[in-house]
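Same chain, two partners: chain A is paired with chain B first, then with chain C.
Take a look at the complex of A and B:
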């Protein structure tokens, strides 16, 4: 009875929305718990990072008490979650700023580079993969397979260094490390934190071209890795579809080859590709530490590495949480697109 | 003049041990009639049908002394010319609608596509013709089915959609490759009836490829029996009982009957046919 009643009280879309929010909250809580407890279990003493290793025991104890580290672990966790719900990630030991503020500074740099990278990967990788499948065994197919292999085999830092030597030092086609030249730094008022977008909003084209010249090489290198992966996956998905019976049906109908490839074989794989692209994007957002280091890119990967080396646990937890949240967001967006694009999943 | 004349059709595929011949010189002719091609799996019957439509995948090779469809020499057609013929004048119904319909296109879109690549017509006109065709294959609510996706219809309805898609341009020759094998017994008769209807109404020639001897004998005018890439017997459908070739006799003997009196069902003695 009650079940029926509540079923009538809530329309279907509200149920979906509530389920969505609940699953989001649960995943978020799980993420928080795991990062928090790992952060507390690792043999890093956050107190030492604050007071230094020559502090007298009394100072050490006072600092520990002040940081709440004498409380039971579960209580510490509750305090931590409560802080995060208020938008308080704690203070970074190494930068002496709230972690939230740091993330707002560093994350957009990574977001900008990863987004440009994934755009390059998708715009070039998907057609390449489809072409390779359509001409299986041809020269193009072989070239694309080699690119795919290279994407696995070549380390990012090596490609970054070679890229810098060639395109920056020798050919002078692009600007060097960093986000923008030093004399332009801080000229653009931050709105989104994305330099390319902010400079356009401000109408500052000098900053825009300068920032673009800085970002294009690292973004292309990131893009190359996602391109290699996306092209390989597109190729194998397409080959799978091109072997299906409904491709024969389309040919019997007299449908031209070009239409068979894009309408009949490509449409069914869009859903699979979304997953691949989402994963690849998430990987660029979290795993660009190597490229960020080589290019002195002030991004979240760089921030996290520095924080980790300084035992700056609040910063590490905060950074991990942001990356985790991005991962969850990308997954949820993929799920939603799935439902829109695949009639069988509706 | 015959609608289709085939002489010495061969289909070969390269393999590690040289070329493998799957169709070894098949000859037949077809008027505006129903021709049944029967044979077991691997006898080359499906490959014969696909060769007629130019659908043998690379690296397969098709050769024939003569392969003429309504005055057109099929052996000399390039892919482009074949494409214009396919769907419009030559068509084929595939076996299982679960696999032969595109899962992410609506039924209306898929049938309309056959029209779209042969001649111009307005979107509205195209939809009208699709709806009319759906009605012709006895779909009672064509407006609704038009918008459905293949996974939303039953196997029997899927196969009727397939027939609609392949017949919407009223081809001169239809090849039906095991059109009922994947269906429940209860809807097979209905699908055959619809095909029958189409043949009578439009006067198209039909090649029915099947392994169901009884069905073909009842339903077709003439029968080719294929074995191991060759035609071993050609006869009028009603005279199948008088077939002389040992393979055909063997096949007939191994059909179970309702009023069975034999203790064991005989199987084909392939040893004696090995030389073929």
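Take a look at the complex of A and C:
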């Protein structure tokens, strides 16, 4: 990486990097513009919230001036962006804490559930999709088709409720709503904020199994939706590969079917799969809003919906910004990874 | 002549004599192809059933969707109340039947609002190119890379709960996809000879976009809208579930599930039954959309 590529002709990697940073920054700015706009559309008068509705007009005007609400919109936007960049999301009306602090507390729970969900989706979805492609028209293929349709047509919150009725109330296989039973709550010293990891670090096996029985149902339900998507995409990528001439050559040479599927056909699609997995991980974060509401999961989605019902706009916009930023970042990174790893996309 | 008009040969004639004959023949071929796909037919049947149920809701529903008697509260499904009753003694089946109107209203309104916006923006961006394209597509891409549900939630939070605002919020998140599709289609046809011919005949840019480009973008947009219907239904139901969509006592399916949540462990039917309606209707649009895509756009055929 010397200077030789600089000047008028930038090396390819630098162009990719600059393009990546630019599009990330632009999209991020777009997200900020949207949340700023939403914040202005709200029929709640922020000045009244500060001075109260019996303040004399002079006090009201002074407060308005001090809050910068008389500035031109563009200047207000610049102040808003600067505040966000400093990590200042304002105070939450309902919890009376800075929104940033709230989000930092709630985010690990969401991360834990979404990560377990995507693991379930990948571990089951990829082999299932590959098998469906290898045996087109077989039972597995039909199952994938049904799962794919179900992933489109079933509301996540409803599936969560049905899951609770079946596996918690009727079969008693899993624990109910929440992250951990109350008598175990707060027993594990927080290190990462992920209960499953923290309880293992502390060597507290009871907490681990308890937390696991709480997380497994919501994570599986989230994972079901990524499984549906990942399996369908794996199947279609595999079918593309299996129709190629090098596969026919391998077949003619007498290469065993298992080797053809996993070595010849699966290898080239790994890069495409990374993008798909990235996309569905981002979608999981979004889907977690609904699932968390159903399972009273103390994550960012639950925080967001509670704030929505309380008209706690700072918390709503903060939650929207954080979920939106993570969503955008994962999308852009998986897109960039695809460009870096796949020589054809360069 | 009158006899030959109705015949199959006339419809399938390779050399149609009139524009009407060509159009009818094309629709006949498409319908035939669609009917050969049993899943698409199932989807169509579900959509037609939704339309019929919504149109005749007051006659089909055995009880009132709003009024119930407290002596009948939380009854399990039975011969009198096929889906049971809710916490106010209202018949759930009647509420589900009336709820089909709300679902249909939301879905149609979102489609009618978002598809034209996306179509026009995409076609204009693709046809004019240059700065117009970059600016319009820049905005489109920003919207496309946002999480749709979260964005809709935030907009409803700002606008206030209600069906109308839910429609606006979903529309704001739905149009960018159609803009992308329309732009891609426009790029493939804007340099065609027939467009150049219209230019030479003195047709204005707007005439070309409105009369020659937009109609050609229609079929891929219609496919996409049909496929998106399921997503729109789920988002609308999700907003209702959170309490930001239709407000009680409106029999909106998502809101009904939300009310039933309280009794989910003992009276499972209150929350479960409206969910089946959502699943069936979403499935109908998915299946029909898939079938429509296979017929109208064979390039995108699902394997």
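The criterion applied here is as follows: the second predicted complex is superposed on the first by the 276 of 346 C-alpha atoms of A that agree within 3 Å, B and C clash if a C-alpha of one lies under 4 Å from a C-alpha of the other, contacts with A are read in each partner's own complex, and residues count from 1 in each chain.
We take it that a contact is a pair of C-beta atoms (placed from the backbone, for glycine too) under 8 Å apart; a residue touches a chain by one contact, two chains touch by 3 or more.
Keep in mind the model is a prediction, meaning the values are calculated, not measured.
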Worksheet entry | Partner chain(s) touched by A:248 [first = chain B, second = chain C, both, neither] | first
Worksheet item: Can A:343 be said to touch chain B (first), chain C (second), both, or neither?
Response: first
Item to complete: Once the structures are superposed on A, label A:264 by its partner contacts, choosing first (chain B), second (chain C), both or neither.
Response: first
Worksheet entry | If touched residues of chain A are counted for chain B and for chain C, the larger one | C
Item to complete: For A:323, decide between first (touching chain B), second (touching chain C), both and neither.
Response: second
Practice prompt. Return first, second, both or neither, reflecting whether A:256 touches chain B, chain C, both chains, or no partner chain.
Written response: first
Discussion item. If I apply the document's touch criterion, which positions on chain A are contacted by chain B in one structure and by chain C in the other?
Written reply: none
Worksheet item: Which residues, counting only chain A, touch chain B once they are in their complex?
Response: 244-246, 248-257, 259, 263-264, 267-268, 341-344
Item to complete: Using the touch rule from the top, collect the residues of chain C that touch chain A in their complex.
Response: 138-139, 141-143, 145-151, 153-160, 230-231, 234, 237-238, 241-244, 254, 257, 260-261, 264-265, 268, 271-272, 275, 278-279, 282-283, 286-287, 302-303
Worksheet item: In the complex of these two chains, what residues of chain B are touching chain A?
Response: 53, 55, 79, 83-88, 91-92, 94-96, 99-105, 113-114, 117-118, 149, 151, 162, 165-166
Item to complete: Report the residues of chain A in contact with chain C in the complex, numbered from low to high.
Response: 26-27, 30-31, 34-35, 38-39, 41-43, 149, 152-158, 161-162, 164-165, 168-169, 235-236, 239, 282-283, 285-287, 289-290, 293-294, 304-305, 308-309, 311, 313, 316-317, 319-320, 323-324, 327-328, 331-332
